[in-house]
Amino acid sequence: PVPVGAVEILSGPNAAYGIAIKAGLDLALDAVNAKGVLGGRPIALTVEDSGGTKDGAINAARKLIGRDKVVALIGPTLSNEMFAVGPVTNARGVPTIGTSTTAQGITDIGPFIFRTSLPESDVLPVTLKKAIARGAKTIALLYANDDAFSKSGFDTMQAAARAAGLRIVATESFGSKDTDFSAQLTKIKSLNPDAIGISALVEPISGVMLQARQLGLGKETLFIGGNGANSPKLGQIAGAAADGMLVGSPWFVAKPDRLNQDFVTAFRAKYGKEPDQFAAQAYDAMLILAEAIDRAGVAEPAKIRDALLATDHTGPMGPFHFTDHRDPSSTEGVVVLEMHGGAFRIAD
Amino acid sequence: MADAAPRRVSLLATSGLTRRYAGLVAVDGVDLTVPEGGVHALIGPNGAGKTTLFNLVSGLVAPSSGNIRFAGADITRLAADRRARLGMARTFQNIRVFGAMTLLENALTGLHPRLTSSLVGIVARLPAFRREERHAVARAREALALVGLASRAEERAAALSYGDQRRLEIARAMAGAPRLLLLDEPAAGMNPAETVALSALIRTIVGTGTTVLLVEHDMHFVMNLSDSVTVLNFGRRIFSGPPAEARADPGVIEAYLGTKVAARLAGR
Amino acid sequence: MLQVIGLTVAYGRTEAVRGIDLSVAQGQVVTLIGANGAGKTTILRTLSGLIRPRAGRIVLDGQDIAGMRPHRIAARGMVQVPEGRQIFASLTVAENLVLGGWTQRGAAETQRRRDSVLGRFPRLRERLTQNAGALSGGEQQMLAIGRALMATPRLLLLDEPSMGLAPLFIEEIFAIIAELKADGVTILLVEQNASAALEVADIAHVLEVGRVTLSGPAARVAADPAVVAAYLGG
Amino acid sequence: MEAWLDDLFWTYQNLVVSLGINGLLALSMYVVLAAGQLSLGQAAFMGLGAYSSVLMTLAWGWPFWLVLPASCVAPVAFALAVGGPTLRLSGVYLAIATIGMGEVLRAIYLNVDALGGALGLSGIPEQASPLLIYAVLAAALAVLWLVGRSGLGRAMEAMREDATAAEATGVDVRRMRLGVLVASAVLAGLAGALSAHATDFIGPNDYGFEPAVTILSFALLGGVGSPFGPVLGASVLTLLPEVFRDFANLRLVFNGIVIVLAVLFLPRGLLAWRMPRRAA
Amino acid sequence: MLAQQLANGVLLGATYALFALGFTLMFGVLRVINLVYGFYFTAGAFFSLWLAQAGWPLIAALPAAAVGAGVVAVALDWLLLTRLRRAHADELASLMVTLGAVLALYAAATAWLGPDIRRLPPDLVGGGAVDAIGVRVTFAQLLILAACGALVGLLVLLVRGTTLGLAIRAMAEKPDAAALMGIDTARLAALVSFISGSLAGAGGVLIGLNFNAIHPYMGEQMMLRGFVVVIVGGLGDIFGALLAGLLLGVVEVLTAGYLASGLKEAVGFAILVLVLWTRPAGLFGRADARRA
């Protein structure tokens, strides 16, 4: 078998993300190993827990590379973990593919660092355009300032809003484990913006939506979510309170194309629940990696890296290529979604 | 120094010393003088303010008013550890030995103010430090021997019985060869035979040049041992003088001794 | 009423009490004298259930209570005034007394006991609302005794009750012991003030390094020349 | 070197580094605990050491031999600044005050753009070799061992047992408290600088409440009878998650159970041995 | 806006206080720094979730969940702390053992229940809100306020007004002496655990209801604030915990509303540190009356 590793958060308070990713990887692995790579060899995937800490992630990556001799690595889950792990794997020459690390500067770490998650800078302009089309002229921004994903998403959102000519009336932050956002929302409400952009993970976004409605922010205000909002959990937690939220994404559960529907059906069958974006991205990443190994012809890290650069893949997320800088190149297929009745549909 | 007039300064002198607590004056304008040398007793009924006075003198409690002089210097505002460095040591009515430490280490702690080695000296194990440490251990052992605990030097202090812990406190206080030793009820929890031994110990201590100021309720002990007695009642000084006069003083008898004890003391 | 048979108590490897026998009959005052470290406190703590004995039996009213938990022993009327007072420093004097009467259900009885305790120790009445930790040493001792009396003890264990008391109060304490005895309370008294203890006691035991070396009627023990030399400051 | 040996070392290099750094952190906790103070500012000191050293390296281009000692400056200054007022506090009050200050620092890292905010600072050159880390650890152990056996060590233990009695025997309790806080800041600051220069990246969340509690648990699990206890505790707690790696999502469960059992059966720490407090 | 912000602050503060009530009892009175406390909070929330899913109305689910959490607390207290109590181990040992336990418990709960956030059925309280003088408050929030007030009252009655409270305080100070008074210390400790655990459980239900998010680690995230509130309020001081909770909530909200939301925690904590500097024994703490 071809040894491949993944470093994800499987324990501790942030385990939800790692577990979703692992589910996506395992599902993809089933498909890959049905026919194998390099002429029928299966891929042996070892997923190690990082616990969400920097040291945990480094230890896991070193164990996978040094002991299990994996030829490529998927993960880690958080951008901060990648900043610590990336230099290690890059120096060792093992291609490393982040599936959920959207922060700026990730691929600057070095030539072996890839990512398959679309940077927000490609998605947000599309979403904001929709908001402007619906009449938004002013926007308030709200973000979690203590995790790299949210902060980075906010930076992008701010830049995109400026570029799109929206007037930013307020910039507020909170902690990603906060449950109370009433102070920020009350302040924003008093400024009466046309739209509110939120960059955070799905749990706080759900909390924000619930409280916004409690405080009487109604349909007249457009809510715009970053990448983190694209999750079925938004509907599960916030329910109808999340209705009307706009999110731009190349993927969503109900995306009608066949590849995606097959993926969603398989996922439901295997796990009995809806996939989220993390699972979908991981699913594609595993397929992309498997294809690259196959193309490389041998299970050698350097060859795999070169093969990855030549990726030409189409999966649930849509068509996929890497840029020269190892980021996803395509923004095709980005659509703007709107929450309605606890689920996303394409916004009109 | 020859031309300096031999001033008869008292070792410890308080004037107008007062300590108030909400709703009561625990020590009320006390003037107390303790001359250098000898044993001086502070007696009085329970709650008269004796321990509070000790706490004021040793710096653990700040006075509400009044001042304290020690060896000619005003120490009213000095922190407790500074006073210890000036040569004041004490024991506590409610025993406070360092339970986890050995007896020897307890005694060594009493020498703390006399150690001069710097951090550098300690880490570099300079000869001066080693000499000092050897010397300190010898002194501490002497102090333990003084109270008869030398053979248990390496035991944990918490394992001692009540009476032995009292003795250990005395050893800790004596290790630093203080000028003034404050003993708060040293004979409590000791039987008469042990109290006799304690008297002898205190005489020995006085013999080394340390002045002793003690609080005690055992009147035989106090009367036989002390050179002078001060009596407090409700925080106020009601008597000061030689023990023979104290036990005959009607005010003292009424407030403290009771007629029976006074008679027994007189009968001896 | 209380029989101790072959009691051995150890702290780790050192045996502090080695196979002692004692008995306390109804209405008696029994005193235990001995030098510092002889094991007196250890015995009392074991009787009250605070320490588990290594061997031996403790029979109270015909039942072996060795190893029983302390609150059950207290509920059987064997109440201790511990060494070093052990008053609840952060509670007020009044609250300490209330706790002393914990086993005593019934407000009227509690009130009656409280009045009688405060009658004995007027100083405590003046300090009722003060934190017990702020009391003087002697006041704390009064509180400790008063607290135990709140429980209406049948058998009272006293560990050096006169410690730290002014002469007038020591008289008072021994008067109280005599009174309690007259009231029919059985008492096991550990005292350093051996002469006073031997005066009130019926029976005396002399303890030396964990062993009983002499027992008998108090008067006879008090006359023993060795005792006079060692414990009476003769 | 043999290739497999090389691989082995490469695999566990970070673990080896963490063992050393956590050992230092445990010692930084030990100094305060040994003097009877319960400060939880160690993570904050570590963060100050890390951030200040990274600025020196990245922004000012200082050489590492200069950065390392200089990394103590900010933590020590902070210890002195907060030390004064907090000396009045003891026990859990001090612990909470120091945690509070740690949270204030964390908010600063998050809000000051020059410090990278939530993205942290990355691209830090790996200048702290395992050898250097262990040399610092060994030196710290030696100093604490020697000091512990002197009058200072006795004074510290006396303070822990009974601060009032210690004061009455002549221990300058206030100065000692400040002293141990500063010593603790030095050790944690060094640990921060070393760890920052061993792993390329630092982020604000490495120095918050949870790390503070973890550092405390190093010392408590090991036992504070001697400086070796905390180092042992740190080693065990650092290794446990790796040992239990195969239990996947149950590893924290086992990790926790091991701690529980250890404390229940060895309440005074894995190494309950109490160092002698004298040198002669 | 100020009125609404003040209301926000009070409501946030009430959640802090609600969390801290049982904690102050356990930590302040029993002197056990019990880090498992946060887990009782989680347990209460999950119990109520299951009961609500089984169709129980809130009025029944809330007390039942509180009792359930109390039972969990008693069991864990017995499992973890009796041995240490008997050995007279110091409070740091109990801190450590509960640290290990809480690590294991959250991880086990996550492994068992999954890490996902759950939500109580939305019709449990009714999503309604009250609008008055420009201030909007939801029913869930009103419920928290009312519960907070009621529980504070009950606790004060219990700890200050009964001899039981006295016995608890006595045991906290000198367990041996308390046993000599005839107090069954083991049972009393269990009782305190039960009360404190069920307070945590009730808090978990109400706060889970308010923020509509129930997940295994929800208790852990309250712990830091819980500590601060208990300490600033004064160990074991119930009114203190209430006021300190409200103070913290209002300070955080006003900072976020009028200064900068990024500094919300910093300013909150800074103020608390200042409180401690000026009043080392907490807001209302009297200087320790014990003597030198």
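For clarity, chains are labelled A, B, C, D and E in written order, and residue numbers in each chain start from 1.
Convention: contacts are C-beta pairs under 8 Å (C-beta built on N, C-alpha and C of every residue); 3 or more make two chains touch, one makes a residue touch a chain.
Given the structure is predicted, the values throughout are model-derived calculations rather than measurements.
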Under the document's definition of touching, what chains do chain A and chain E have as common neighbours? D
Measuring between Cα centroids, which chain is at the maximum distance from chain D? C
Using CA atom averages as chain centres, what separation in Å is found between chain B and chain D? 42
Mean-CA-position distance for chain B and chain A (Å): 74
Distance from the mean Cα position of chain E to that of chain B, given in whole angstrom: 48
Find every residue in chain C that makes contact with two or more other chains and list them. 134
In chain D, the residues touching two or more other chains are 110-111, 164, 249, 251-252
List, in ascending order, every residue of chain B touching at least 2 other chains. 51, 60
Over in the complex, which chain E residues touch chain A? Could you list them? 1, 4-5, 8-9, 11-12, 15, 106-107, 110, 114-117, 119, 122, 129, 131, 136, 138, 141, 207, 211-213, 215, 217, 220-221, 252-257, 261-262, 264-265
Could you pull out which chain A residues touch chain E in their complex? 11-16, 19, 145, 172-175, 177, 179-180, 182-184, 186-187, 190, 203, 206-207, 210, 214-216, 233, 236-239
Chain D partner contacts - residues on chain E that touch it in the complex: 33, 35, 80, 83-84, 87, 89, 92-93, 95-97, 99-108, 110-111, 223-224, 227-228, 231-232, 235, 260, 262-263, 265-266, 269-270, 272-273, 276-277, 280-282, 292
Which positions of chain B touch chain C when the two form their complex? 21, 44-51, 93-95, 159-164, 167, 185, 188-196, 217, 219-220, 256-258, 260-261
Hey, which residues of chain C end up touching chain E in the complex? 48-50, 69-71, 74-75, 79-80, 82, 86-91, 95, 98-100, 102-103, 131, 133-134, 147, 151
